[in-house]
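Next up: the structures, one after another.
Heads up, the next two complexes both have chain A, just with different partners, chain B and then chain C.
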Partner chain A sequence: MAAPGTLRRFLATAWLITRKDITVEWRSREIIYTTVFFAASCILVFAFGFVKDGRPIDDVASAILWIAIAFSGTLALGRTFERERYNETLQALMLAPADRPAIYAGKLAGILLLMLAVEAVLVPLVALLFQAPLFRQPVLLVALLGSGTLGYAAVGTLFAAMLVRARSRDVLLPVLLYPITIPVIIAGVRGTAAAMAPDGGEMARAWVSMLVFFDVVFLTLSLWTFEAVMTE
Partner chain B sequence: MPVRAPFDFTTLTVTDVSRHFGRRKALNRVTFTCEAGHIIGLLGPNGAGKSTLLSILATLASPTLGVVRYGGTTAREAGPAIRARLGALGHDLYLYPELTARENLRFFARLYEVDDAAGRVEAALTRAGLADRGDDLVSGFSRGMRQKLALERALLHGPRLVLLDEPFTGLDDAATQALVARLVALKQEGVIVLLTTHDLDVVDGLLDQVLVLQNGRLVTDERQPATGLRARFRRVLAGEAR
Partner chain C sequence: MLKRLFVPALFVAAVMLAVSPLLVARAPLETTMGLVQKIFYYHVPSAMVMFLAAFVCGIASAVYLFGRRPGADRVAVAAAEVVVLFGIIVLVTGPLWARKAWGVWWQWDARLTSTLVLWMIFNAYLLLRKYGGPGSDRLAAGVALFGMANVPFVYWSVNVWRTLHPKTSVVMTLDPAMRPAFWWCVTAFVCLFLAVLAARVRLEEERTRLEELYLQLDD
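This part shows the complex of A and B:
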């Protein structure tokens, strides 16, 4: 178990990085606008395809919500690290004597907050356009979105940081990220569908447990490997 | 401003360092030693391996073969504490354009756990000549202002080894002279300054040691070099001699 001083230093560094990312994004609002616009466009296009005569195809809403989260998440990950690459500031972070896993945790928290902010727009939009009872079990919905987004962002942050110097990073990121996060997305889709069903609470809780398991595995592996993958 | 275990050194020893990218040898058995209080020029044509060597010295890359010792310790043995004694400035300036000058310095001061961060930040702004522009966004600064701020950012935590990649690029005469004066001050403080440059006229007479790389090999290691660097290394630096 980590000493209290070590844990405090880890959290202080992570918060410093997260706060910096929030400040930078608050001033530019570049990623949030782009990501929300892209995700909302995705959902609108799907709505034209899957809603006929005002009636959506059964159970399609949860899949469309998670597809929009995954696509917009990839966009946010790419843009966040592109910003760090542009002025080589990621290299400056790597040069600091701070623990590199703490730097990873800080970047992850920033991306997580960004994705959750986008989801706050997407969920009502999906509920409206697909007449989906997404708010039937709000606590379970929050748990599903929180744990699913964490698992997705945990792997995504590691890969986006790893690929920051790769020439074809924009192509490689989804190619690497989607196959590994497919279990998270499937669990999110099935869990959200269960949370919308009248008697799906038990099943939704099981999917939340599954997502928490994925989170633990992905976070542990990412924290463990970040130092190695960031040293050339 | 020690970070974790205090760590310091007065020599930098590079022994038989090679770095391979596939079959290409970016560095090939490079060996040299530098001492505290010296300004070392790392010269060579484009693609000679200068930036690769700086990355290895900054602990951002590992050598394929060979060893780098900071005093008697390798980067692996020292852990993150070694990075508290290194300062680096790349061609890109390691600054966040969306933050103000003061916010940039404060961020890095906290990241390096510098004592009296507020005092050091204000002193750094004054040294950079930006005391009255501290609350302006870096995105609005000229190249010269950014360069001065970036240098102070790299020196904020009092590093023993300072690595500068083309620090004179884009500076006007006044900014160049100010940078030269800052380097001399660092030398007097016992800092090891290792810089790459193509502006040989600027560093002529400033350097205590000249290292010339060509095709990944160290072809010259000259202490207390005489003036006239450009004339002496013209063929090598132009990449003509192969």
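This part shows the complex of A and C:
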């Protein structure tokens, strides 16, 4: 396949874009703050629906956690690309003599870091507020969150990037993203629920391997379509 | 090719669909479900056409995206509308049967859920095309490609999710005496699909030509 030099250039380009996104975000911290508070608001709203007689209903913590991740992920994706659109920088990126897949990988890594940072706040919050034993199997939890978020962000980055030029992109992003990422959401919710159960280790590991498989499929498809979709 | 298919496909579909109630009525009654099972003769062919159309849309989108042939895009949008149309038939006839057979309108079973998700994806495809503004045909092609590739994974994941909570459901094995009526209906629906697809592709072609004429007028 590709020569080692090509791979090095690919990674260097991707890293440049990720670093740029981190730097821009670090200066204002706009997306991370608003997204964390949005996710916390989601949890608050869920609490009124899923807490009965002062106790959360069974397995609800994993569902709340993943819905909050999906919702706040959509917001972070939309905001990240809105920033690019507003400054007309995505067009500049597309004109740059860089591989399209490398640009995609760079944006994906930035989104992934952002979502993982939000999850770092979200997980303890859900564990605390819903008395959920989320940390019963910490390694499995990290594996589930990491692989699930990667799958979600892989599709999300592709769709958010291609919707930059479209009208009504704010509503079209979730409309396109949620049905397509259903496998990731199912695996994430059920895997997390299994990881919280006393004897669910085996099941949770099965869900992790399924998520890794989805990641491979979604990443391959996204890398493949990104160039074709982003070309005028 | 599609254009020449329109008249024969429409004719065959019309004749076969007109005759189909007789065959369906004459097919033996299912022992446990009785009369409600008859809906199966229209429900299953609709579902088959829905998945066939989704497949056609995905392939046509890939051809459009990577081969840059405008004709493929017209087939893709026509097929996507057929997915949504036949999806409505499937999602209406299914619950009608389920209410009698299972006692509930809806079950979160693998097949039901994946059909619903597929239907949602193609609705999203059409929404994107309608409201996405200029250039959304290419984006929609990407969505269709993803949507088609996603179907087996949705089915698989829902299946694993459901097998975690097993429940008895009605398993249907087809009685040989029911087969003629069933395959008759499948053929009729496939012909109807071809006729609708051909008509829709032609409409899209005329629309493209009209737009080109308008552009020439402006110049």
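The definition used in the following text is that the second predicted complex is superposed on the first by the 229 of 232 C-alpha atoms of A that agree within 3 Å, B and C clash if a C-alpha of one lies under 4 Å from a C-alpha of the other, contacts with A are read in each partner's own complex, and residues count from 1 in each chain.
Methods note: a contact is a pair of C-beta atoms (placed from the backbone, for glycine too) under 8 Å apart; a residue touches a chain by one contact, two chains touch by 3 or more.
Being a predicted model, the structure only gives us computed values, none of them experimental.
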Touched partner set for A:Asp99, first chain B, second chain C, both or neither: first
Touching partner for A:Met162 - first (chain B), second (chain C), both, neither: second
A:Thr34 touches, of chain B and chain C: first, second, both or neither? neither
Touched partner set for A:Arg190, first chain B, second chain C, both or neither: second
Chain A: partner with more touched residues, chain B or chain C: C
Set of chain A residues, in rising order, touched by both chain B and chain C: 232
Touch list for chain C against partner chain A, complex: 65-66, 117, 120-121, 124, 127-128, 131-133, 135-136, 138-139, 141-143, 145-147, 149-150, 153-154, 156-158, 160-161, 164
Chain C-touching residues of chain A, taken from the complex the two chains share: 155, 158-159, 162-163, 165-169, 172, 175-176, 179-180, 182-183, 186-187, 190, 203, 206, 210, 214, 217, 221, 225, 228-229, 232
Complex interface listing, chain A residues touching chain B: 9, 12-13, 16, 20, 23-24, 27-28, 86-89, 91-99, 231-232
Interfacial residue positions of chain B with respect to chain A in the complex: 3-4, 55, 58-62, 80-84, 86, 88, 90, 92-99, 103, 107-108, 110-113, 137
